[in-house]
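Below are structures written as structure tokens.
First chain A sits with chain B, and in the next complex the same chain sits with chain C.
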Partner chain A sequence: MNDMRMVERQVGTKPIKISGRNVQVYYGDSHAIKDVNVDIEDNTVTAFIGPSGCGKSTFLRCLNRMNDTIDICRVEGTITLDGEDIYDKKVDPVQLRAKVGMVFQKPNPFPKSIYDNVAYGPRIHGLARSKAELDEIVERSLRRGAIWDEVKDRLNAPGTGLSGGQQQRLCIARAVATEPEVLLMDEPCSALDPIATAQVEELIDELRETYSVVIVTHSMQQAARVSQKTAFFHLGELVEFGETGDIFTNPKDSRTESYITGRIG
Partner chain B sequence: MPGGVLFLILCTISAVGYVMGRRKAVSVSGGDSRVMHSLLPYHGWNVALAAFLVGLSVMVLWSLLRLLFGFTDPGNNIVSVLSLAAALLAGWTNYARIERNYRARNVVELMMKGILIFASSIAIFTTIAIVLSMLFETTHFFRDYSWTRFFFGLKWSPNFSGNSDLGMLPLLWGTLYVSFIALLVAVPIGLFAAIYLSEYAGPRLRAVAKPMLEILAGIPTIVYGLFALITVGPILRDYFAQPLGLADSGSSVMTAGIVMGVMLIPFVSSLSDDIINAVPQAMRDGSYGLGATPSETIKQVVIPAALPGIVGAILLAASRAIGETMIVVMGAGAAAKLSLNPFEAMTTVTVKIVSQLTGDTDFASPETLVAFALGITLFVLTLGLNVLALYIVRRYREQYE
Partner chain C sequence: MTDVTVAEKTSKHASSLHQTDVRTKRRNASEARFRFYGLTAIAVGVFALIVLMASILSNGIPAFFQTYVIMNVDLKADVLDPKGNRDPDDIAKVMTFGYTPLINEATKTLVAEIGGEVPGLTDKMVNNMISREAAGQLRRFVLAHPDEIGKTVKFEFLANGRIDGYFKGRVTRESAALDSNVSVEQLDIADALKRDGHLETRFNFAFLTNPDASDQRPEAAGIGVAILGSAYMMLIVLGLALPIGVAASIYLEEFAKTNWLTDIIEVNISNLAAVPSIVFGILGLAIFINFMHLPQSAPIVGGLVLTLMTLPTIIISTRAALKSVPNSIRDAALGIGASKMQTVFHHVLPLAMPGILTGTIIGLAQALGETAPLLLIGMVAFVKDFPAAPPEGFFDPATALPVQVYNFTQRSDPAFYERASGAIIVLLIFLLIMNALAIVLRRRFERRW
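Up next, the complex of A and B:
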């Protein structure tokens, strides 16, 4: 863990963006998430780590109600975004997802041109009033996705024709274009090579300035590199949550210690 | 001896060949099958397949030769002796070859590949044979009847005493008109049904609704024809055609088109449903994750991704509509007419092919031979549609994957 940049870390005094209280998730009869309490800060990268099947992706998908699309999934407890319960009946999951964007494990560009991929969100949410404005949003998003220079000459080429790393950055640009407040990333680098991973990680660090970023990762090095806060999940429970530096150097729970030293997971 | 008995004997020879080949392989291996190049069953199959294939080929070749040269073989005696001898010889040759290093597996795989190639070429050769036989009769037809009058003639009135007008255009018009109305009914309804079933319906409803839709596809077209004749036709006549003063016949293009459209709904919906389901869930998740509603996701992501397949399904339905006969006979009548009025009776190419060839006909007059010319026109038309479908599918596939 030599690359943990302890110096750059600031102890969190930032406002709380998302907060979960007594969150339970059931898939049919199985209890996937047990009694999770967590506060996710604004302008912070929060990493969810833990062994496979520990519920970290499930919990991430609760934060923008992506689990609504799974019939047998049931969520209990409260999750609030800026103090408002996102599972309240008044909340439209569609509007919620416009505020809480998501990037998936496997790059999933639409079968459209690069331009249309990025313009998709702004178009459906009516963010641009003119073509020029839309062009500007697309360019800005692609720049934020650190992919502008590679694709600026072929915006009309299909997004599916890019390499894996480019596709994932395109998907990040697509998520950014909707101007969300929170960005959820479900193992965004698991399909990428080290170079593309480095690019995406750098990007995540930049995104922190504007968004609250939550990232699920299997790589503890990655969690240590990009996040300020880390949550360790094990068997559906949130075992430990705190400053990334503390979690990796001075874990309070023996299970956390076992996991980060490679004894479980 | 009869051919069936001969075939049975051939099968017995190969079965015995299998057992003998395997047994010899066991004894050669000396109890340790790993010293052999090929697994033991391959040595058995090697003998069995060689005997069977050689025996069968001799039988087939013999019947071909008999067809070509017209000689007789009373009681099939010569062919029996020849093919059985050939089978035994081939089996024995391969049996004698069995030893540790003999590559029986490669030989068996080669023979199996040959069988597969033969099976797949049968379909191709049959198509070629059908086209050739139709072309042959068509040239006969055009010897008696000018092709310009056939392709561009506006009047269809066959007269078996000779001197008939055999213009194809009224029939082609009827075919296209009926198919067009059928697709107008089937494509939107089928597509919407597919979207509902694949995107909105719960698993329980889907489990009931999809088989129900597919039952429609299993109804014989003659039953649809009855429905057109006794229900749809009169309703259209009494409530639309007569009050509007358009026509007063129960059989009309509209009747046949609507009923044919209903027949095609399960075709379109079932194929499109499979294609829409094949669009990866990751696409939908990506769209939902950006805050798109289900309907936006369907319109802008799912349908475009599934478009090549959907176009293919529609063109397949169009081919069926063009080739459909029974519903047209019972729903649209048999009068060849060039008219825009959808409530008038018209007829199609397929119906006229049937009516020209049924009854006492001699295959020399242009009135019967015209059926072949019509047939080949229809064939070219559907072939064109299929080629177009393939082209569209391929073009979009490049763009989308």
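Up next, the complex of A and C:
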């Protein structure tokens, strides 16, 4: 694994943004997440890796309660955001999702203009009081999504007309526009070519300054390139969680070692 | 790959590409056969359609033309205004019956003018050449223009249905000889009138605007009330079925949890779509007329019954349209903190719109052509007066296009048969327009994602 460009590893302690305790997830009778405990730090990129079907997406979707939309899905245990239980009865998932944004595996821009794609979130959350303010938010978000230069001349063109990589960055810009505190990304690069992937990865590294980023990836190289913390899931269990460098160079669990050396997965 | 013996150079495929092997030949033959079957099926279908259209058009187009006799009528003051004071109330006291002699006289004069000396021609035959509708037409004119009394005015009267039929080929000299309602002598006179320009057959816009007419006056019958009645019912169906159907579908598709209750509802909606329409008629009769005491023959009842019938169609197509919106769009909206309702109304519904509109229009088209339930709720009655403007008009008696077709075909005079076909053409044109609209809307709203 000498092709890895290890990002600087700050072994400092940052405040904990999200923490999960004894999290269990069931789809009907099947037990998809088994007793997961994890602490996700602020201003950190945390990578979830593991073989396909091990529950990475499931756990990620617990963090902004996207699983609520699946009828048969049941979540147990506690997940807190800034110390507050997000599964508390008083919590409105809509409010939660404004704080915990999400980028999906398949780029899914709305079939509307680029501008409207980005402006939608701020509009429904009332983040802009005037058109000028909204314009400013849109521009800022598109810049953060590293796509401003490519689309600034065609903000009224449909977002679905962009290339796959551009669409994904548009979706990131759209997620950023609502000013979330945590950004969840479920295999954001799996539909992208290597150049677009590099652009998105660069972007993720920048986003870390402002957000706590959680990224699911099936590519260990990607995890190594962009993340500071890595969690390895296997068959619904969190097998190992720690500094990315440690996980890749010095795995403690034999399953982690098998996975990163390519024997499982 | 160590255990592979070097393959012999004998291939299973035919040695030359220029030779078709047996399997390929057989495959090609079966493909050719299949194409032939398909083409035959299409040819049969197209042929049936052409025969159908040709027969409807050839039977129905004459309904849009009508024969008129043009003559001068002497509006005799002593007949129309016996008291001579031009008081509208007194003029109105002269009934339609009183106008007939004036027309008879005018017809006689006209026939004499053109030198119509036909042996065996009686006065009664001459009088009968003009539609019985003429007296009513004359009376309406006089009541509207009392100052014309005493003058001689030029009128265009409808010719009797048989005379009209003669110029459309429905009545021939041979058939007239056997028909007690028309005589060969009348046809001679009609020919003479036509030659001298006193009789002409031309486009009959009144077919679309006139109300129905009695059995003796097929030439005056129109489908105006039926068109209006159908339009009223479509308004009611659109106004009720679209919002109810879309709301129900959105709830079932986007909000309701899947459990046994929603499963039962779903099965029942599918079953409802398959219920014969006459059952809805019985339901309408029992609920809307016998229980709620809504008026019979009224568009409101017909509209309600057709709404019940159309709802399942709209719900099923709306749900299909909602289902076809990819989940990624919902995820995208929910993921940035849109509520369920915002997600549905801002993103899912607009994308489902083409499907919803198509389903609605198809449902409406079905409702427009529906006859059986309307027969049960009394919309088959003979209605001569136009319903008022909505909303009061929804409660006035009216007929509907398909029922009017049925009604026309029940009458003995063949002139009504022609009008039934004419009404079918109108119905088909409406259906074509609606389907074209559905296609246009679908094209217009269609988006790729």
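Here, the second predicted complex is superposed on the first by the 259 of 265 C-alpha atoms of A that agree within 3 Å, B and C clash if a C-alpha of one lies under 4 Å from a C-alpha of the other, contacts with A are read in each partner's own complex, and residues count from 1 in each chain.
Rule of thumb we're sticking to: a contact is a pair of C-beta atoms (placed from the backbone, for glycine too) under 8 Å apart; a residue touches a chain by one contact, two chains touch by 3 or more.
Just so you know, these numbers come straight off a predicted model, no measurement behind them.
Aligning the two structures on chain A places chain B and chain C in clashing positions.
In the superposition on chain A, contact of A:218 is made with neither chain B nor chain C.
In the superposition on chain A, contact of A:143 is made with neither chain B nor chain C.
In the superposed model, A:34 makes contact with neither chain B nor chain C. Shared-chain residue A:14: touches no atom of chain B or chain C. Once the two complexes are overlaid on the shared chain, A:106 sits against chain B and chain C alike.
Superposing on chain A, the segment of chain B with clashing C-alpha atoms against chain C, chosen from 1-9, 37-45, 73-81 or 91-99, turns out to be 37-45. In the superposition on the C-alpha atoms of chain A, the part of chain A touched by chain B in one complex and by chain C in the other spans residues 64, 66, 69, 71, 94-98, 101-104, 106, 108-111, 120-121, 124-125, 160, 171, 174-175, 178. On the chain B side of its complex with chain A, the touching residues are 202-203, 280, 282-293, 296, 300-301, 304-305, 399-401.
Residue ranges on chain C touching chain A, taken from their complex, read 257-258, 326, 328-339, 342, 346-347, 351, 447-449.
Residues 64, 66, 69, 71, 94-98, 101-104, 106, 108-111, 120-121, 124-125, 160, 171, 174-175, 177-178 of chain A touch chain C in their complex. Across the complex, chain B is touched by residues 64, 66, 69, 71, 94-99, 101-104, 106, 108-112, 120-121, 124-125, 158, 160, 171, 174-175, 178 of chain A.
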